[in-house]
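Structures given as structure tokens follow.
Note that chain A is present in both complexes that follow, paired respectively with chain B and with chain C.
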Partner chain A sequence: MVNGCGGERIVVAEIIPHEGVPRLASRSAVVELRRVTKRYGNVAALRDVSLAIHEGEFFSLLGPSGCGKTTTLNLIGGFVEPDGGDIVIQGQSVVGIPPYHRPVNTVFQSYALFPHMTVAANIDFGLRMRGVPPDERARRIDEMLELISLPDFGRRRPSQLSGGQQQRVALARALVNHPAVLLLDEPLGALDLKLRKQMRIELARIQRGVNITFVYVTHDQEEAMTMSDRIAVMNQGRVIQVGTPQMIYEHPASRFVAEFVGANVLDGTIETVESRAGRVRLDAGPSITAVCPDGLRPGDRVSVVIRPEQATIAGHPGPGTNAIPGQVLKASYLGTHTQVVVRVTDGTEMTALMAAGGASVGTPAIGEEIHVVWKSEGSLILVEEGSP
Partner chain B sequence: MSPERFPRRSPRWALRLPRLLLALYGLLGFVFLYLPIAVLIVFSFNSSAVITFPLQHFTLSWYRELREDFVLLGAVRNSIVVTVVTTVGATLVGTAAAFPLVRTGFRMKRMVNLFLLLPIVIPGILTGIALLILFVPVLNLTLSLNTVIAGQIVLAGPFVVLVVASRLYGFNQQLEAAAMDLGATPWRTFWHVTFPLILPGVLAGALITFTLTFDEFIVTFFTIGPESTLPMYIWSLVKFGVTPKLNALASIIVVLTLGTLLTANSLLRRRAR
Partner chain C sequence: MRAASNVAVHISPRVGRAIPRLLWGLLPLATIDVVLFVIPMVFMALFSFRFSEELLGLVGRWTVAHYVKVFTSEGIYLRILVKTIVIAVVATAACLLVGYPFAYFIANASRRWQSVLLTLVIMPFWTSYLLRVYAWTAILGDRGLINEALRFFGVTDQPLSFLLFNVFSEIVVFVYLYIPYTVLAIYASLEKMDRSLVLAAMDLGATPVQTFLRIVLPQTLPGVYASIVFVFIPILGEYVTPTLVGGMSGVLITNLLVNQIHALEFGFGAAIAFVMATFVLMLLLGLRRSVDLERLYVA
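For the complex of A and B:
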């Protein structure tokens, strides 16, 4: 995939000197939230949130709408002031400092390009406000237009650009100021799927080129996974888990995270624990074995996480595998994979993603009675939220 | 053969008739609107002192007479002063008032909104009397062009509020957030982003104020001192019977009004491009 960029040059290396800083090697936090709370009326938008975002990393805030991710962004940008806690940018507290005095720039969800200015004047705006000398401004505008692959668009008006082009101009307008942190508020939300996928690649590439810290807000887990160095998963005003995409996906810290990244979750009760393997009696009927964290005892309520690509379907499960009977609801052939949605005995829907050409049974028929099977190493036991 | 599926084709003229009638109707409407003005202008060039057909000779003498009428020239000067000051004042006050009305929430906002716009619908004669009572017995002011200007701002301000507020309702406030994000202080944000974008509304408000004030009669009548504005002067002329001199004056006003409108229109168009 990802064609369509054909012929477009992405010139990044020349834009900003790297100063020999190896990516991710520097662990110094450029943005820190320390026990930040924010209320709107009686509603708590953020509850005691602490985060450290490192120099030069692509950091995503991932969560459903209303989870507090945009509030977090607005707090860093200075559009909202916290009710409690501290926000530190480059080692200095910025609480009470207005947006126009913070070393932070934002790419807004609606782009917010100034309609009465040309593309070049839009990019110029931040430089003009900060009193950069005219000849340097002209040079930096040209560099930015080159960076976003729109070199001849300087004299156009935003209304003459497509959505994707406007999006790039918004990016250039923010990046031209060389901010310590770039905030992006679901910038790809308004684009169609194909363009969105292209822009993911391009955004990640630009970020690596300019080596500026990106804080990216999204509710799309795939988007966060493909672009980020690290992700903070948020829910109901709290940060649930922070980690690399792989960590989040393979070791979700809670049922919420597991479900949000698309894993199957089944409830059950611990029967026995042997070293790292736990036997769980599922509420749906059968007993299965899964990887068990320390400190669980028989009788504890737990959730079992099974990732879709670890599950497959079989007519008759062999002995020694984890299996649960169910009925096929939907089967979609996706080329490289076949996605099967199964309703298991307790009514839960499970998804199995089976590689094409593997030892699969072919595309099953809807309504067919089958078993969802998976290996015990592939599944993870989580303590249920709310229980000790 | 099966019977024909469609009814018989209508003749060409029958298809064209509705369009023709519509065009004629439109033409009649235009004649109704502009015939009086056309007649007015025609008679301003007619040599007879009596306004009646048939036309006599072509003359510019009525225009020449205007030029020598010092009372008239004074009235024109007064009108220009009143109109310009009122336009600036009402535009400033109205624009400033539109912001809190749109941007902030406060108790009884709807009520305030309603009362702010009430002067538009209150009969001018009531406003005039009310202002007169306020100015003279209550505030003990001497009636002059100043009191006229104050009255005119009361009349025109609501129109400016209305036009600017409608522009502000459609304003994407994220643009202001973006400007501040890019380092603009609130003051610079206003001048670089907010004001240029609401300018068409402000100009429209100013234009409405200008045209309203220039020929306003009723409220001026109640609030003016010994001076005279153009509408007052015309009224005093009519009292002694209409002469073609009046036609000449009216013709000039028509041409100036049209010119102003066309200029404003082309200016706005150039900005939009």
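For the complex of A and C:
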């Protein structure tokens, strides 16, 4: 993730300060996973996963492919049964209950619209199956077509719609049933970047409008950050951290989370600890100071997390700042920001994201020897995974 | 406009050269088609409209007497023609009823089992068609597999003679012979179907039966139509099966047609053939319309 594209970084940097106050979700859990495990043959897809998803929140499962996020979704939807643990929806265990008896609907990655039915008939399908009276069905279909801004598309076939329109119809087809939880499996994955960005805003708007709990699976941290009330970061079948986007971004619980959200991570050893400030000798050479959690002692192996927008570059570092020498690999002027990728002395690549009009020296030349510098308050010490 | 006309001028000679080249390429195919299909058909058509005093003569007067005979003759030919169609319908329906679930089962099996099962479906084609029909006399006959087994277990002391040489055995053998086509055609359309549609239907509250009726069946109708074409039409022209296992009651229209040819009544034989061909053509046009409709839905 250290080499992630510049555009993603910018949005993260811009959105986070504005998303400072997360919407208050009521505390009652609508979906609960209790110590759920799932194996496929010898491969553990989920290991002892516990999660509580609150009523009305936009909850994202974020992680790389194979981390177990889609398995989690399939377990809630009823397409997969757990090998251990319990899944509770609205206070009732749903283990062993088939998908068609669960108060849950899904937006599939491939949309899975029924090609032999019109848009209206697609949306109608769930209502029909649940025996809703005809006049109410007609009303709710119109309501949904309105909600997804496709009011005159009821008589079209899915094949006559663009990808983005199909995506919205898939959303309407699921939402029309007023599910307790809506599951979304990377629904924007098949769209191009521009449409994807529009749909993020659209999806968040719709979710706030209908006030239905969304469980959203994605591997795109920017997508998760911009839309979610809370995010569960998953890796190798485990939930690594659950929190608001801001919390995940500013206080990553582990090196994995930090790297996944695009932060720079440097390894080192604690030299001294003084009132929440730790002195760390980096493996790359210099000693730096960073915010230190309790309980660390000199000699402990740690990781130091520096977010790209907190780092900058300088020819000669001033006193009192953290600095590490390196060589410029790539410098991209992005309008509001300049993104610089630097290879520091131990070979790690670091990214610095500098605001335009700041005190920086302009776009550096590739190959130039400079220092990456950052303030002590901006960096965080993490205990390395596997150590106490 | 100027640019457009320039383009047209540049392109048209190239197109002009391309068309004869395409025709040359089609020549072998066209020759085969004309020699093996069109010319014989023209001869048959001529036979069917000619009344000649001499055997195999094409000289004589024009007549529709052969066609009149097909539809009159105290209804003998018409009755057998209708009977043939009814038996073909029953056999095709049986093929679909047995073949669809089997195709569904194969399509849902694991990859390895799929190839094993498909091989088993195709296996009968490795042996002679005639042999496969004959084999059924050894299964259904008086001293056949079933009767011997029934006697061995003391269920019957007399062989069940209704098993062979009638419409029943005929239909059984038709189903046996043609079911691979049904299975393959439906399997192909099931394979082509997006599996997430089934998940989506269940997600929206459809039980497995509802999912099948409302999603899977409509999605695989092209396969059903294809298997009707592959099964129904060949059965209409079946000659070997009614001859070998049909007995007296299993006589079909092709048997009558072959009798006419054997008696060198080419004119009347040809007329029977063209009546059947017309029926098949109408059926195909009808099916094609519904298949095209289906394509509109699916495309």
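Assume the second predicted complex is superposed on the first by the 364 of 388 C-alpha atoms of A that agree within 3 Å, B and C clash if a C-alpha of one lies under 4 Å from a C-alpha of the other, contacts with A are read in each partner's own complex, and residues count from 1 in each chain.
We adopt the following convention: contacts are C-beta pairs under 8 Å (C-beta built on N, C-alpha and C of every residue); 3 or more make two chains touch, one makes a residue touch a chain.
The structure presented is a predicted model; accordingly, all values stated were derived computationally and were not measured.
With chain A as the common reference for superposition, the partners chain B and chain C occupy clashing space. Of the two partner chains, chain C is the only one touched by A:159; chain B is not. Once chain A of one complex is fitted onto chain A of the other, the partner contacts of A:332 are absent, as it touches neither chain B nor chain C. In the superposition on chain A, A:115 contacts both chain B and chain C. In the superposition on chain A, A:79 makes contact with both chain B and chain C. In the superposition on the C-alpha atoms of chain A, the part of chain A touched by chain B in one complex and by chain C in the other spans residues 77, 79, 98-100, 104-106, 108, 110, 112-116, 125-126, 129-130, 173-174, 177. By the touch criterion given at the top, residues 77, 79, 98-100, 104-106, 108, 110, 112-116, 125-126, 129-130, 173-174, 177 of chain A touch chain B in their complex. On chain C, the positions that touch chain A within their shared complex are 194, 196-197, 199-207, 210, 214-215, 218-219, 294, 297-299. Here chain B touches chain A in the complex through residues 172, 174-175, 177-185, 188, 192-193, 196-197, going by the rule given at the top. Contacts from chain A toward chain C in the complex involve residues 77, 79, 98-101, 104-106, 108, 110, 112-116, 125-126, 129-130, 157, 159, 173-174, 177.
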